[in-house]
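Each structure below appears as structure tokens.
Next come two complexes built around subunit A: one with subunit B, the other with subunit C.
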Partner chain A sequence: MLHIFCPHCAEYREEEEFHAKGQAHIPRPLDPEALSDKEWGEYLYFRKNPRGIHHELWVHAAGCRKFFNMTRDTVTYEIHETYKIGEKPTVTAQS
Partner chain B sequence: MNQKNRLQSGGRIDRNQPMSFEFNGQLMVGYQGDTLASALLANGVDVVGRSFKYSRPRGIVTAGADEPNAVVQLGATEATQTPNVRATQQELFDGLVAGSTNGWPSVDNDFMGMVGKIGGSMMPPGFYYKTFMFPQSLWETYETFIRKAAGLGRSSKESDVDVYDRMNQFCDVLVVGAGPAGLCAALAAARGGARVILADEQSEFGGSLLDGKETISGKPADEWINKVVTELEKTEDVLLLPRSTVNGYHDQNFLTIHQRCSDHLSDRAPTNQPRHRMHRVRAKRVILATGAQERPLVFGNNDIPGCMTSTAVSTYINRYGVAPGENLVVMTTNDYGYQAAMDWHDAGRKVSCVVDTRETVTGYVVDAMHERGIRIMTGSAITEVHGSKRVKAVSIAPINEDGSKVVGPAAKWNVDTVASSGGWSPAVHLSCHTGSRPVWNDDIIGFVPGPTVQKQLTAGGINGCYELENVFKEGLGAGKQALKELGLEPTRLMTPKVESHERNPAMALFLVPHRKPMSRAPKQFVDYQNDVTAGGIELACREGFQSIEHVKRYTALGFGTDQGKLGNINGMAIAAQVQNKTLPETGTTVFRPNYTPITFGAIAGRDCGELFDPKRYTAMQPWHVANGALFEDVGQWKRPWYFPKPGESMQAALNRECKATRESVGILDASTLGKIDIQGKDAREFLGRVYTNAWAKLPVGKCRYGLMCGEDGMIFDDGVTSCLGENHFLMTTTTGGAARVLEWLEIYHQTEWPELEVYFNSVTDHWSTMTISGPNSRKLLAELTDADLSNDNFGFMDWKTANVAGVPARIFRISFTGELSYEINVQANYGLHVWEQLFAHGEKYNLTPYGTETMHILRAEKGFIIAGQDTDGAVHPHDLGMSWAVANSKPFSYIGKRGMAREDCVRPDRKQLVGLKTTDPNVVIPEGSQGVFDPKAPIPMPMVGHVTSSYWSENLGHSIAMGLVKGGLSKMGEKVYYPQADGSVIEAEICSPVFLDPKGERQNV
Partner chain C sequence: MSEANNNVRLVMDQLPGDDIQGRSPLHHADLATVAAQGSQEGGVTIQHHPLVGLLTLRCNAGDADQMAAASKLLGVELHCQPLTSSAGEGVAVRWMSPDEWLISVDGAKAFDLETAFHNDMPGHYALVNVGGGLTVLEVSGEHAVDVMMKTAPVDFHLNTFPVGKVVSTVFAKSSATIRRLADDRFELVIRRSFADYLWLWLQDASREYGLVVRT
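Up next, the complex of A and B:
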């Protein structure tokens, strides 16, 4: 069970309070009608499944109900950071 | 039976407290302080079970968690049956009842034993795979047979009578294991002011010190243990947990501890006490001081009762005052094995000799043997044991220097007990639970913990550190290191003084050679519980299994309840040897939680029975119960399903409820519908983005139905949203979708459109909602409210605030039945009051309560959909013929718009929702039936969609149904057929789903 720092509550809480919501940083296209079916399909369905560093969207569902991002290692389950929506990760696969 | 193996004195048992117990139907007596295993040995019980595959008689081998054979069924009553209890870990209590688990039909004489005796060659590794694979139809027969034969215990057929607990804990330092290393680590951490938990699986703290005769600073070890434990007990913020196995090491230092609170007291837990408790611990630092387990040696017939590990022999003598035999021979690859010979001799029994596999040995151990007149045979090994239900003799032969060959004739020695020591295997299990691989260390001939991302320290035996003085130092060091890492100040601590000895180097020997090759030698057991032999591992390798994980699965090595604690290293080494690889090359299999088996009760804690899952009731629940409602689960809600009168069938009740509603007035408790309060200056804009229809012009005081889609264009929820104020809306959702919709709104607001000023709050539980529906609903409501209910003043899809039954209310004129309807919302606390007032006035109108089933029928008569029943995640609004609920001119590309426009979503032959009228009006098509256009088409018939809703309509006098049909919206009047499992075919005509009042006049009166 993960131990997660909610950047809104500024506290560590148990994973039971959170829901994982999939890959982070997938903005909704600003002009959906301008996209081809294939491009819309990419936005809808295609997600990364990296071995190692991954950025995920989480929500503090049984807490402040706020969404935030997490940089997590999918191999070791280490959580390198959590950060608010709109902020950039400081730990990336390249770094 | 008398305690023939009990020593006159010694041990940590209380001879003044005898305890009687029953094993396999025989009454025996042991003492307070015994384990079931020590009491059985004291009573001279040799055979405690039968082996898994060959059904060979088996005796007690170890004194701890690694015991493979003494796995028993416990329980004096049916309700307290507990399978797979290790007798070596079960403390004896008065009245304990136990029996062998493996050994069907009896331990002494059983069927599988004869199968096994026909010939070992008949049951090679993979025997079960090879033999019981085909034909598959017989698998159930096989399985029953195998399970019985395998005999890994049985669970109770009755409910568990005990209660179990769960506790969440946190600490600075969790010390796992209270042996010399763990006690020192805990002491150092506690002295530094850390919040400490110290857990140990045994009943007493002290670990290996309890099993030997060590002196510490010149005094018996238990004086030192008592001093340390007393200090820890007195220190604030130190939690001591004996009888508590740290079973799982999970991510980010989350560990589970299985505490056995009352298993040592009685068959069932004393009143108001939990039987087990699961501690869920989040620790800043973990110190693993789990020690090491002794490896037995692998030699011919090494499973005959009387063969034990050398530490087990010492433990039974020193801790329990039991010498489990008369005449001992010791075989060892290291100096530690000699301890058993010393203890046995000092207990006044005969040691025939010590067989040392090494060429030469000098120093302390030689002196100790010399003093006692015990012969040492170096460069030799016990190649084979003779006997059946007890060791009778052993063959001892000289072996070469690397232990690969017998180099001379064997001599037979008459003994009844064999103690073997192949060295120590550090108990690395917990350090591996989060994915860390152990690392082979040639110096200690064992695996030690590998690199890990956990905040973990290790001390003592787990590191391959076995000299007591060094173990103390490592323990203190780990405690201090933890303090440092936590920013706490360590205090000075003296290392306890102990006698230390110069040791001869140990020999790496994992298989004792026999003059015959492995495949022909007497069985050399590696994994006792699964009957895996050295020959079996060799055969698996010869058959092409190379990866140790494959060898494990093919031979079942390490698959038993002991999880290979005893045999894994030997097995892997033998596999490596056969493949001409080194042990590090072969590697280990993966250790996973749990370390030892735990009860389901401990996992469930109090989350069982009534508390298994929360139940949600509306404010009117007591009335529903008093009026005979039957309930249906909708999510966690308990909703009235229907209200049968005494003796009334379900269909009769539904018919009555449906007719009463359409003819006069019915009432539904709709409190469970999700309600979300939405406020903010951009609330209206937001609604326009998440609903498919337009919201820009909805005036205050009006309600509107909306469909909610995903980005793929598929419907996922629907409901009515009302405009309460210019910047204030009340959204309703389906009962089951409430939480999901709220999260959906939040995710779009927080991650996509944070610039919109809008706030969402769940108010589902704040309001009680009752819907009165039917031609007399206005008359009824008028008796209770001051509001003007005239159609001109309060029209369809209006809402108003008013008093109802003296209580402030919101009244919504919306309808899910197609009748004149009012949905009355009052503060939940007033719900029951208003409901009762409606009934007080409703008798003259035959006010009839109805539940979810009648609600479903009434809405189906009108062709209203239920999201999740008539839709399945692959249905968009146009598929439902609900294009009227989709706006095309909204400026913002709302959620679902682009998705609905995809090529596949505009195909004319998509499955579309239509009404279905059966040719025989009395036949109700089973919901879920698959339709075909040609009932005579060859199998597999092309299927064109399924029936989503289907009911008997008493109001219409015929059955009604809705279903998805390929291209259905353009096939009105055509036939579709529903073949049934019994071979019959139901014929139906495709029609409009609106069966009643197609113009919608009834709700507008």
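Up next, the complex of A and C:
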């Protein structure tokens, strides 16, 4: 069971209040018309599946119903940080 | 826009009229009879507050003008601090999320409040009557906290859940917005469609402590 810090409620809650929504930081292309089918397909369907640090989008579904980002280790399940949409992660695979 | 559009009522009174009686989602459970015939002493007391006026307010917490206007219209302060509530004469306001609050007033006064907001609230906001979709229960008594601990995955110790705190969380297999009214008194705002299920759940969870139903 993960113990997750919601950056909007500013406290730890149980995992069952949350839903995972996949990879974070996927910007919608500014001009979709200009993309090739391959580029559009990759934007829509292709996601990273790293071993180690991963940035994910989560939603506090039973609580404040806000989305936020999480930096999580896919090997140890350790949550390094949670941060609001629009903010930059301080823990990355490079650091 | 044409002149006719200026006369469009943007706020609608959801109460049909004095001659039509509203029914709570627990009407079928006949809690008045249960209260009269059931146990009068026990560790947990459950009370249903039917047909409370519930309104969801969404506005910009960063807009000082809006926050001041809303606080003035409500008569209690609108807090930006997460998981807090404020209560005054006949009104309570619960923090739901950074731009959302749940207001409860007397069922007959919801339309007056909506009208007052429509006339005096500046800026971009939404005030929606959600009273038809939700209902309010109150759980109190010596063992009220034990029932809450069984039901929701939240720490109910007074150090982390003081009086006045509000959390929205999973509650049994449904969800609830829980506000602590006193050390041993909790208010639950629940989905009306889950009212029967949660009533049965609470009845079962309270049985070992002795359940008292009050109207």
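FYI, the second predicted complex is superposed on the first by the 95 of 95 C-alpha atoms of A that agree within 3 Å, B and C clash if a C-alpha of one lies under 4 Å from a C-alpha of the other, contacts with A are read in each partner's own complex, and residues count from 1 in each chain.
We take it that a residue touches a chain if its C-beta (ideal position, glycine included) is under 8 Å from a C-beta of that chain, and two chains touch if they have at least 3 such contacts.
Everything quoted here is computed from the prediction, not taken from an experiment.
When both complexes are overlaid on chain A, the residue A:Glu17 reaches subunit C alone and has no touch with subunit B. By the touch criterion defined above, A:Ile79 lies against subunit B but remains apart from subunit C after alignment on the C-alpha atoms of chain A. In the superposition on chain A, contact of A:Gly63 is made with subunit C only, not with subunit B.
Contacts of A:His8 after superposition: subunit C is touched, whereas subunit B is not reached. By the document's definition of touching, neither partner reaches A:Glu87: not subunit B, not subunit C. Common to the subunit B and subunit C interfaces on subunit A are residues 14, 65-66.
By the touch rule above, subunit A contacts subunit B in their complex via residues 1-3, 14, 19, 21, 27-28, 31-33, 35, 37, 40-41, 43-44, 57, 59, 61, 65-67, 75-79, 85-86. Every residue of subunit A that touches subunit C in the complex is listed here, in rising order: 8-11, 13-14, 16-17, 62-66. Against subunit A, the residues of subunit C that register as touching in their complex are 82-83, 96-98, 100, 153-154, 167-170, 175.
Put simply, subunit B touches subunit A in their complex at residues 168, 250-254, 280, 282, 434-435, 453, 711-712, 743, 746-747, 750-752, 754, 893, 897-899, 901-903.
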